[in-house]
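Chains: A, B, C and D, in written order; residue numbering restarts at 1 for each.
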Amino acid sequence: MIHLRLSLALSYEVNAPGSDFIFNIHAAQTRRQKVVHESLIINQNVPWNVEDDPSTGNRFLRLSAATGLLQVRYTASVELSHHIAEPEQVDEIPVAQLPFQVLRYLYPSRYCQSDRLYLLAMREFGHCQTGYSRVQAICDWVAGRITYVKNTSDSNSSAIDTLIETAGVCRDFAHLMIALCRASNIPARFATGVNYGINLTYDTFDFHAYVEVYLVGGWYLFDPSGIAIPMGLLRLGTGRDAADVAFATIFGEVVSSPPWIGIETIADANGSLVLPQRVPSALSTDDWH
Amino acid sequence: MIHLRLSLALSYEVNAPGSDFIFNIHAAQTRRQKVVHESLIINQNVPWNVEDDPSTGNRFLRLSAATGLLQVRYTASVELSHHIAEPEQVDEIPVAQLPFQVLRYLYPSRYCQSDRLYLLAMREFGHCQTGYSRVQAICDWVAGRITYVKNTSDSNSSAIDTLIETAGVCRDFAHLMIALCRASNIPARFATGVNYGINLTYDTFDFHAYVEVYLVGGWYLFDPSGIAIPMGLLRLGTGRDAADVAFATIFGEVVSSPPWIGIETIADANGSLVLPQRVPSALSTDDWH
Amino acid sequence: MIHLRLSLALSYEVNAPGSDFIFNIHAAQTRRQKVVHESLIINQNVPWNVEDDPSTGNRFLRLSAATGLLQVRYTASVELSHHIAEPEQVDEIPVAQLPFQVLRYLYPSRYCQSDRLYLLAMREFGHCQTGYSRVQAICDWVAGRITYVKNTSDSNSSAIDTLIETAGVCRDFAHLMIALCRASNIPARFATGVNYGINLTYDTFDFHAYVEVYLVGGWYLFDPSGIAIPMGLLRLGTGRDAADVAFATIFGEVVSSPPWIGIETIADANGSLVLPQRVPSALSTDDWH
Amino acid sequence: MIHLRLSLALSYEVNAPGSDFIFNIHAAQTRRQKVVHESLIINQNVPWNVEDDPSTGNRFLRLSAATGLLQVRYTASVELSHHIAEPEQVDEIPVAQLPFQVLRYLYPSRYCQSDRLYLLAMREFGHCQTGYSRVQAICDWVAGRITYVKNTSDSNSSAIDTLIETAGVCRDFAHLMIALCRASNIPARFATGVNYGINLTYDTFDFHAYVEVYLVGGWYLFDPSGIAIPMGLLRLGTGRDAADVAFATIFGEVVSSPPWIGIETIADANGSLVLPQRVPSALSTDDWH
């Protein structure tokens, strides 16, 4: 188990009254990720509420802002203990045995057009041994063919675009890997989170996008962009793709500033500090949702 | 209230053992649509189960078929009583007040890329009076610009393709209307069902695709293809688009025959027969899901 | 007849030896546009040549640059006298009578996918009276539906994207108008040039993209972006779309600076100065090529 | 040198008067392909003419048909002697030295969006030794990744679609190979022709689409679909992609029947018969156009 402190500061200039915001900036509540303490400060005196989606653990802050500056600060202390499994012991689940609620992650979505990639997936991964190693092969295939380049893709870019142009950012890597998993009949979904590494204390990070794949034992973490140290991420949200879990969905005339994000490892109640370590194992949320 | 009897017969030639099927052929169970009686006959002696999705009322039959002929026959008696409202009294719901579970129908999906249509929607519908009439304007816009032509579109066609090529079938009309509603910040979803009309008895129909839009009072029915008599449809499933509610999703080597579908109006317990009538009113499921 | 002086200055940082450049910055030589005098200064001592394409009047400067700074300065004095016709007297030419060399401008190209727009063109323009006024209707349709917005489109954007997203720059307006003309069986091509207006002297402009349409009397000028005063443009190049007439096509590792462009009206040999005037007439190059 | 006799029969039902046809069914006239004798029979008594494009050797039959049946029969005796070179001696031509008229085949076109494939081409072929073998590597890459399947693609399918869906027909293989060559800065174009093989006499064939690539010595033939015996094809037309050289471009309401095509090896004037043989060498038209 690792203890983390997350801090976020968001800032917007709201140009029209009644601009609605849907934020997905709260740490998810899952069996493996417990929010011990959290605080939320909003500079405007407007009503807001946080809603939990029991089917995913996602938590959404909703508010309707007044004209002028809107500042949102969120901090949370989180206990995170991924389920660790040996990759060679993690099998795929036949479609017939997939939980009903997981089926949606087999189908194509806005940015993951898996329906067009069946032949490609069959050629590339159809002969792999099934299980975690096949998913790892998909992850490695994406990592090996796509180059991390900023400003080559935009919010309109999909898995198809990334496959063609072979460049993108973490979100694009994730979409392509998800599309290839689904085209291989393996449920996969998009996750957003905050990346933490070894010996990091309060620094500025960007939000990170990665992949969760459903195998025996729950949803397993993969990062085809190769950015995150493969020891886990603090999860904010999961969805079918980036369309579902934007950290801020805004309805109205609003000018955004870049988010400020910090994360640090903290001591537990006994004063002991567990530092993140790179592990070769499979990490999962040990959970169906 | 109207009483209907639905009959479906599906037939497949299964060429590989263990081919998985997910059917969405059961009549949905909603507040306004009650399944009084139903039967299911499967020619193969294989295990199957029907799962209900409480969040949508969709019901999915799942089975893993053996090699050879697979035949599925489903019949149901259904009581259907749409909520009827006066269009001018049906308002839109501000984003801030939308139920949490409805938000997903605001976001773009595989076949409804609303994120690319914001400017178009604003130009065409931004100045319409809000409410049912604005949604009707979107429906009419689609009906007026798209021509019903078979074999011009395929399972890969999306709202964007339909907007460009201005031709398609009911599924394509529905996707485009949904995308334009979402681009106007109005939740909309894809529905599949069976169309019934006046004086129809046991005949062969195709499955129909139409649109449900979330306004004050619940999900309202629209048929931009203009095919269905606007008095309701027997609903099978709803989802974000056609990717979610294929009547049959098949994993394996299978050759399909066209489905056989029949529907007829039947007498109620007292022997009285209510015939469908064309109504000018707004029809809804009176329900959030 | 109007006399113009064009000045261009281009600047590049070449990071690899042997980087090849193909420039289309020379004023085109056509029956209606005569280059009276021109000069070219290249700061590097490398071989270069200018090639003329007799089929279009385009002129291409080609050179292979050395590492370091590359500066190209071009000035030209140009006599320009567009053919002026009365719009109502300008007819379309039946496909059967089109010159052979013009046929290529009927076919779809990289950024003008006219093959997907036949039904749309037929619905919108199929019932227009044929001739210049129909082309003007296409121009007005594009002008009325597309909004000029910088940074919404990029070099990958095509007529299809512009039709969907309803925003772009002059290049995007041109591509969409061209695609709709071709879908209406009217030859249309992409033109690049420099825009001059009333009372303008030596100022900084950007290159402009517009449309030429083939009707009785030759290629007629249209500017669906509405930017250019409809009295003519100094033409640099024409092609099937932007893929053919980039002002600089670069093969190698090169960092570009924005071009500097100036244009002014000058006196003729007799010292008389003709100023540009806005004319309501149809302007053409009076020429098949 | 080989002697071939080509026979074509085309049949259409014309439903509106004045339907224009542009056919590209005449054997091309090139330095290496001589039309010794040809005949053309058109059942309707309508004016027609054949135009030659000196820049490509393409020949286009144009006519305006009357209502009713239109039948076109074309036969030709052709002498074909491809230039044969040793692959290891065929180099690429640096962009700076490419003939001006060849540059257009470096640029993206409707079905060959090479501009989106630069990174992919650089990764896959950037480290290959330049020359014929690099082009062969591109050809083999396409042949190895794309599966020949009828009815998966249509006239709207482009190189991008083929790369994603990894299936298509000869036209799709050709478009993808062309796009990858251009993305590697190697001029490539689309060719249509009739495939002849060993010991074939008068049989029914389909038109074939293949690729010509410009290297030292002229345009070299490649068939990424692997269908044609690599010993040459009787060429009908070349263009930037399929948009330029449809065997029939039709303007009007017309119902088409499948073409009938026959080809056979014939004896020369001395009565000697040269049979086609499979050769491992590079074949070209030995010509810039």
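Here, contacts are C-beta pairs under 8 Å (C-beta built on N, C-alpha and C of every residue); 3 or more make two chains touch, one makes a residue touch a chain.
Keep in mind that what you see is a predicted model, and the values were worked out from it rather than measured.
Graph distance from chain B to chain D, where chains that touch are one step apart, equals 2. Under the contact definition, chain A and chain D share no contacting chain. At the chain B-chain C interface, residue numbers used by both copies make up over half of all numbers present, so the two copies contact each other through mostly the same positions.
Centre-to-centre spacing of chain C and chain D amounts to 31 Å, using the average Cα coordinate of each chain.
Centre-to-centre, using mean CA coordinates, chain A is 46 Å away from chain C. Under the contact definition stated at the top, the residues of chain D that touch 2 or more other chains are 116. In this structure, the chains touch in the following pairs: A-B, A-D, B-C, C-D.
The residues of chain D lying in touch with chain C in their complex are 18, 20, 22, 51, 53, 55, 60, 62-64, 94-96, 100, 103-104, 107-110, 112-113, 115-116, 155-156, 185, 240, 243-244, 249, 251. Of all residues in chain A, only 116-117, 119-120, 123, 145, 147, 160, 163-167 touch chain D in the complex they form.
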